[in-house]
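The structure appears right after this line, and notes come after that.
So that you can tell them apart, the chains are marked A, B and C in the order they are listed, and the count of residues begins at 1 in each.
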């Protein structure tokens, strides 16, 4: 099992000159939630952690090696990324789309074998899209496509999950199912980090939280130290009411003037 | 025998022709007497007088007929319209794009190519197939006569060829003697109208203009066929404009110039038509075209005296 | 799994062989079935052998190679730009190659130098398009496509300029060449070997191309080294285009229509599409060239005219139907 760590990482957001240097360690079994306003750099952070974007400074380590020294293929065997936006290049079926998750494991001349098909089918089953396997992805609804994208990364079977708003477009039932899947992956030893907009999903499923401010400031820590109304109200510039349901806090936005906490 | 076979159609003819040449090759391999140097400076030798000739340009067709070898021509290209009997010979496409299959099928034993007019790649293929190719491109009056003699040599029709060549030489020499030293007439020869094109002194037509005592206003142009515009012609202000035109009696190209009454050629009414087929091909008919052109320039000189 | 690839490829190969045989049997000279059979057996009269073995066969093989090269180059460009409109013709590669070849022809050199000059032209066009499209930011497919279209228009102007300045007696040959014409083709082996080599090299890259077709970020996340792969595709497409252009002039629509039709029929697995393009593109050009040299024989048509006349309505129909 591998951990993902950053050393003095400052992500490269256009037009932003400063920011908190991130020294994160995402251990196997942990589920991290990244919260922040639009444009705070959540997606950029995930892409930087995945090695798709170059950092402004600092570095990302996968296990004990800097990401920049690893080949893309080695990275892809350990780290999977669920994109928030997907391009429809040419038409492809759901099954074909899930199967490309096996790409990092297959050699140049190798065709997908029975085992690869079995993994893809299992992933489609896990995300409740197996019945769509022969449909073209371009004909699916937004939520279905979101789940196919999750299934592709599940087929990839990474140790480290980076998921950019995995509950986008999903109905309530499937939101819970996807979060449960993430928790299950963590329970099996994966490290999970996801960007979320829903505070309550974060409160319910994450054990660590990273708050990203538009200024580039950031703070992080165990959930219970981070998900406090004062910090969240400052993050979102929005008054929140907190109630407790089944021992977990539930945050509700309310119409009221913002009191200055500083 | 093979002149008869000419009239039949199909592959048998070609096969017979090939078989025939193979047989004659075998029998008379020692006879290397028929050699001539072509316009790419290659010496082409035939074991026997060419009996089945393919001519790959309208000019080559005309010259071959002039050399007395018309009966031996088995293949021509489009626009081979002179002499009229050439129109009855099988066509093997256009000079820019030859139907090699049709050509090979006619089993010629001599191919008359055009140095710059035929596609080099297709000619290479022909040569690779072992076909003797004789390239021609006469660019002067003497070259026309010389080409007729060389073709006659290869076709075994020397007497006819020599006679045609000397008639042409003598006729052109007579024209030169008569006109070339007369008062120069500044002349514009128009080859084409859109785009407007003239000729330089290097061009065969330019040479004809000179021997008629004309002074080609675009004679010193770098390109053989310079592309021009009306302004250049107005600036050069030729005393005579001579044009061919599309078709044999079409004066449209000349009427275009009438919109410029101050142009010397228009003011003096020296817009003359010369049938293009008589002057634009390097063949014996050039003598006829030169005769007409010389007479037109002479008319222009006469008008000077009158005014 | 493997059968899924071999079945369509086998069928296409059969059609290709049938097209080749048809092209060998048909020409402006009528050869009887008996004569053809004799030639196949290594006998027959010398003339029939010359026609079939030395005239028709090299030309048909050249046509096959050129068609295959253009279709594969088109398919590669389409994956690279994730846009079915991309092909070497549209993106200015053909134009660059044409200029290189025309310049060599005008300079009076021949053979290998024309090919080399065409490849340099295509490669220069590649760098120009990629370099300009990259600009200060990263390049997007639409920006690349637009740059390519504009560069192609620029090449068109330069070609017209070259035509205007070249000696009149060279014009017919150059024009035919620009329309695409296989009667220039001499030996079929260089383009044919290049086509085979390309297919062998591309098959292992097919899965990477499938991933790349989903966007560079997705591909990078799945372990593809995107930048080298993209440059490799572009250079390969330039090489294929240059080889095709020097063999037969510039022939449009094969690179656009063939991959598009095959995608509609066979799906989007590049491991299947690329070899299928080689076979189907080759078949199309063999048939088009057979038409070009027999339709109004002995006059010969440029094959580019036939591919355009076949390609345009087919493409419009497919586009209309796929709405």
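One rule holds in what follows: contacts are C-beta pairs under 8 Å (C-beta built on N, C-alpha and C of every residue); 3 or more make two chains touch, one makes a residue touch a chain.
Molecules present, by chain and UniProt name: A = ABC transporter ATP-binding protein; B = Cobalamin-binding protein; C = Iron ABC transporter.
A quick note: this is a predicted structure, and the numbers were derived from the prediction, not measured.
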Contact graph of the chains (line, ring, star, complete, other): line
Distance-maximising chain from chain B - centres being C-alpha averages: A
Distance from the mean Cα position of chain C to that of chain B, given in whole angstrom: 39
Rounded Å distance between chain A and chain C, as computed from the means of their C-alpha atoms: 44
Distance from the mean Cα position of chain B to that of chain A, given in whole angstrom: 81
Set of chain B residues in contact with two or more other chains: none
Chain A partner contacts - residues on chain C that touch it in the complex: 1-2, 78-79, 82, 84, 203-205, 207-208, 210-211, 213-215, 217-218, 220-226, 263, 267-269, 271
Touching residues on chain C, where the partner in the complex is chain B: 27-31, 35, 45-48, 50-51, 54-56, 110, 164, 167-170, 172-173, 176, 181, 183-186, 293, 297-300, 302
For the chain A and chain C complex, residues of the former touching the latter: 47, 50-52, 71-77, 80-81, 83, 86-87, 89-93, 96, 100-101, 103-104, 106, 108-109, 111-113, 156
Residues on chain B engaged by chain C in the complex (per definition of touch): 10-11, 14-15, 18, 78, 90-94, 96-102, 104-105, 107, 116-117, 119-122, 124-125, 128-129, 197, 223-225, 227
